[in-house]
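The structures considered in this document are given below.
Consider the two complexes below, in which subunit A is the common component and subunit B and subunit C are the respective partners.
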Partner chain A sequence: MTRAPAAGQIEPRAGQLMPQAEQFEPRAGRLRSRAGRLLWALPPVALLAVFFLHPLYLVVQQSFRPDTGGTSLRPYADVLASTAFREALWTTVWLAMASTAGCLVLGFVLALVIAFVPFPGAKTVARFVDVFLSFPSFLITLALLFVYGTVGMANGAWTDVTGAAEGPFRFLTTPWGVLLAEVTYFTPFVMRPLLAAFSQLDTAQLEAASSLGARAPRIVRQVILPEALPALAAGGSLVLVLCLNEFGIVLFTGAKGVTTLPMLVYSKAILESDYPGACVIAVVNVLISVGLYGLYRVVSRRAGA
Partner chain B sequence: MLVHSRAGRRAVQVLFLVLFVPLFAVPLLVVLAASFATHWSGVLPSGPTVAHYRAAGRGEALQALTTSLVTALTASLVALTVGTWAALAAAALPRRWRRVLDALFVLPVAVPSVVVGLAVLVAFSQPPMLLNGTRWIVIAAHTVLVTAFAHQSVSAAVVRLDPAYEQAAASLGATPGQVLWRVRLPLLLPSLTAAAGLCFALSMGELSATMMLYPPDWTPLPVLIYAATDRGALFAGSALAVVLMTATLLVLLVVSRLRTKASYR
Partner chain C sequence: MGIRFDGVTVAYDGNVVLDHLDLSVGTGEVMALLGPSGSGKTTALRAVAGFVRPAAGRVYLGDRDVTDLPPYRRGIGMVVQQYALFPHLRVEDNVAFGLKARRVAKPEIRARVAEALEMTGMAAYARRHPRELSGGQQQRVAIARALAIRPGVLLLDEPLSALDARLRSDMLGELARLHRELPDVTILYVTHDQVEALTLADRIAVMNEARVQACGTPRELYRAPANAFTASFVGNANLLPVTVARDGVVFAGAELRTAAAGAPAGARATLCIRPHLVGLGDGPNRLEGTVTEIQWRGATSRLYVDVRGHRVMADLGELREPPAHGETVDLHFAPQDAVLLTAGVTDD
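Up next, the complex of A and B:
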């Protein structure tokens, strides 16, 4: 039996490592029994169970319990048959896939320039990308409201120049606005692993290819891209999962026409108080996301990331 | 160097700026500019004012900022403790068990945060733990969400620890507790502070689970920003967003200073 050492048990002075021949116990910390080690892992797992796993189980349980009572597949039948759910599912999936594709292309191009065509300030840009990651996603939508909103910068410029009463940009409340926001917000998630991978790439390879007559597009295709594939796969699948789960961007867009699965969970539970329905959608959403995230873990482990 | 001709390099850099500036720099600048304005009907905002910041510094907004800070600090500290404990405990386990533990602890990353919110709401709206309507339900959800990230980054560092240090300490007679407190945790300090910064930033900006859970007397800043923009007060909302970004960055700066100190020790 071992217990977790509380901080107070170790006296500051006694903590000095005294080499005493009599007390020589090689690898004292390693000789614990297997049961002891498992017991050590128990407290955090218990906390996780109480605050996450059990609540998740309750969601699954509630999804089989319609408001009318009893246990049945009724909520599933109701939700899966509704057009609102099908539309939300389709919107979620295509938005996530399109955003991921956009992030991959944009992230690859930007990381390529930062790593291989360096310019003064490239380091600052790389650091800016890190800062960008620490901001919440809805800030992007808020900013886009000022840039492309009905009275924003782009429309303002248009009306100033042409004298028209209204500007042409009104895609913000459509799925395209969400797509633009998601590509903007999630591209740094692709750039970071790519920049890490590029920093390990031996530039001698590039010089060799170049001195043998390969031009830049060919070097990118045949030397850099193969090296970047694991990072692209890992970053891309992470972004795909994050896009499937994105809520803030869609909520801030405020478009009635754009409903994704997380948005539907929110509106069913909070606005309609239909908990069984919300739980059904939650279960579907979790299955999709966890399945994809499992894939991401396998891919990134294989890539050694 | 990929592009050798000067003209080619210039062209690539121009392409980079054309992509980078409108997509990443402009949004942040626009929010900053809007927070000082009252109108935006042309290319540039008009009606300069600091009234939004004055409003952000008192009453409801100030309370929301402290709410966010308290929530993020509590959630980060608990998440760091639990996540580090789990990472260290997992490292001592046989391979198969370690995998199970790691999978359990990263699960909250994959589960949509709205669903985490829903699950916490369903679980703690009924006895024996009736937390619904208190601040603790928000803090609990934030903790669950960020623990996964804390665990991930600490366990990545635990794997890279050189076992020679702890073996040396143990062979010199240090108890397991001393090895942990005087050898392993100090070696892990850089990644612990990095994880703390990550947890704090995530919790400060967390909106999805919070929207499902927040009681009226515990409204974090992101919820208030949403409420402001939802009723059309975009400029006041931007000022609140700038306050949120600044508070997050300040804490991250302090944390990163801690980190450089730790890594030079």
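Up next, the complex of A and C:
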């Protein structure tokens, strides 16, 4: 069997034809630049490890360490068997999905109006959407409490007018209150990418469709919506993940019957001091988020976004 | 179906972009709106399509006043510079779009899509997406899409401006052929390119600064332009400021013989001579000047000659001994080739 000459065997021979320095300097330079690039990658990797990967590792580790000692799947078996967990899981998933659906519909309609219906102040409204994104989520809930809370404006007006002891608006402490708050707060997260997509849309396409005989609903359905799909997917998946992990809104509405996974983590860890249980739920929450994000990546890539 | 503009005025924020347009286009006629950008030609087209609302005046399609109709009820085919195809739809679905919007029966849609694609030579590309087509092919699809709804009026807004020169001349031939095949379709063709207008149009309306400067057949506009703007925009004529004399004109102190002026002696006028009608060497109506620039264009050479402070262009055929830059040359032109314009003369 003849061995192919290794690269190292050829190079010195080729090197005889040219000055040594010229042959080796570029390679040294390449090595140096590669080392340099690795060096630049170190700080972000280190930060990621210290502030994200290590805590995540600790959470996962803790989830396999029952209070009785040792390493086992016991915490998982306990948590997965409990009705509280299963109810929280269901509440979390349906609330997040319903909120996302609500945000997509509302966001699409509002973005359509802002982008395509000429009204004075449309630009200001579009800019306000950006500002809205920077608001803390509990602020919206607080605002809803002022309006619809048990002693809020709506109920206050009702009791003043009718003389009744209590107002009729009590939905805020139900899942519907959480849903309303989440839709209100997260809709701008859908509008932002949509408005960007709409501004890229060629108005000549809309005009062509119109002169071909299409009215507004058909143009929205067949021209605007297909162009907006990537933006809807991006905004929708972001909102879905944010809703799955939302804590502030659920806490602030004070909805007793609404326990989501983050709320359950909070009550297990802080109120019951059941750290393994809390960590199990946290791991499940992380898995759901990562799984949905992965699904989004696959779907969006297939959609050509 | 003809098009009639009746005193159409369009203004944006008080800025008049189309000023009292009166224009009639007959059924089956090709009318070119020719002018520089900002002349109001596209605005006129958009008023027909229904995308701009006139501040005053009416727009008629045939006998119908369409001024207040939304675009989707006008039944007009429109093709724009950037094609505006729907990127997510295949070619056949792009062409079918207008038919579906009009709720045409399915079997007929299939037949009419096939017909329109056949007519534009795009039948082989029916299953492609727009992004898989070249610019020229995309424009053919856009034309097929506009024709599929069998419009009485076809609006073409700079349809060839995004294509390269070679393709543009091919497509110009294609458009002429399509119009021969569809003689009843009235075409309003907006362009800034005089070649397109001269080649394709039955009549040309030359526009500038929101108004029609001249309207007539290509020959009329070329041979006897009504004013200086038309003369320079159509055919890039030499425009020389002259004073009318008894049997000719006076240009920079030299007397030139021309056709009858129709203006009193002493009146200011503009003498219009096409560059290709100017000859090199001595002859009648001799103009002596200095060569400032020579542009060789293959079949012809364009000479820029400074004649007493005025630039005169001459397009000359094959030159055995082309004059050098800075050389003094004689130019001449036949009296009957010059057109004397007395309207719209400025004092420069």
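The definition used in the following text is that the second predicted complex is superposed on the first by the 254 of 305 C-alpha atoms of A that agree within 3 Å, B and C clash if a C-alpha of one lies under 4 Å from a C-alpha of the other, contacts with A are read in each partner's own complex, and residues count from 1 in each chain.
One rule holds for everything that comes next: a contact is a pair of C-beta atoms (placed from the backbone, for glycine too) under 8 Å apart; a residue touches a chain by one contact, two chains touch by 3 or more.
Not measured: the values here are computed from a predicted model.
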Between subunit B (first) and subunit C (second), which, if any, makes contact with A:A282: first, second, both or neither? first
Is A:S134 touching anything from subunit B or subunit C once the two structures are fitted on A? First, second, both or neither. first
Quick one: is A:A204 in contact with subunit B, with subunit C, with both, or with neither? Answer first, second, both or neither. second
Which partner chains sit in contact with A:F189 here, subunit B, subunit C, both or neither? Use first/second/both/neither. neither
Regarding the shared-chain residue A:F108, is it in contact with subunit B (first), subunit C (second), both, or neither? neither
Using the superposition described at the top, determine whether subunit B or subunit C touches more residues of subunit A. B
Of the two partner chains, subunit B (first) and subunit C (second), which one does A:F146 touch, if any: first, second, both, or neither? first
Let me test your reading of the model: by the given contact rule, A:G248 touches which partner, first (subunit B), second (subunit C), both or neither? first
Touching partner for A:A214 - first (subunit B), second (subunit C), both, neither: second
According to the stated criteria, A:Q222 is in contact with first (subunit B), second (subunit C), both, or neither; which is it? second
Please identify the positions on subunit A that touch both subunit B and subunit C, taking each partner from its own complex. 210
Could you pull out which subunit A residues touch subunit C in their complex? 202, 204-205, 207-215, 218, 222-223, 226-227
Contacts from subunit B onto subunit A in the complex sit at residues 1-4, 8-9, 12-13, 15-16, 19-20, 23-28, 30-31, 33-34, 40-45, 82-83, 85-86, 89-90, 92-94, 97, 101, 104-116, 118-124, 140, 143-144, 147, 166-167, 169-182, 197-198, 201, 204-208, 211-212, 222, 225-226, 229-230, 234, 237-238, 241, 244-245, 248-249, 252
Under the touch definition given earlier, write down the residues of subunit A that touch subunit B in their complex. 2, 4-5, 7, 9-10, 14-15, 17-20, 23-30, 32, 34, 37-38, 40-41, 43-45, 47-48, 51-56, 58-59, 62, 106, 109-110, 112-114, 116-117, 119, 125, 128-129, 131-132, 134-140, 142-147, 151-153, 156-157, 160, 183-184, 187-188, 203, 206, 210, 216, 219-220, 241, 244-245, 247-248, 251-252, 254, 261-262, 265-266, 269-270, 275, 278-279, 282, 285-286, 289-290, 292-294, 297
Where on subunit C does subunit A make contact in their complex? 49-51, 70-78, 80, 82, 84-88, 97-98, 101-102, 142, 145-146, 149, 155
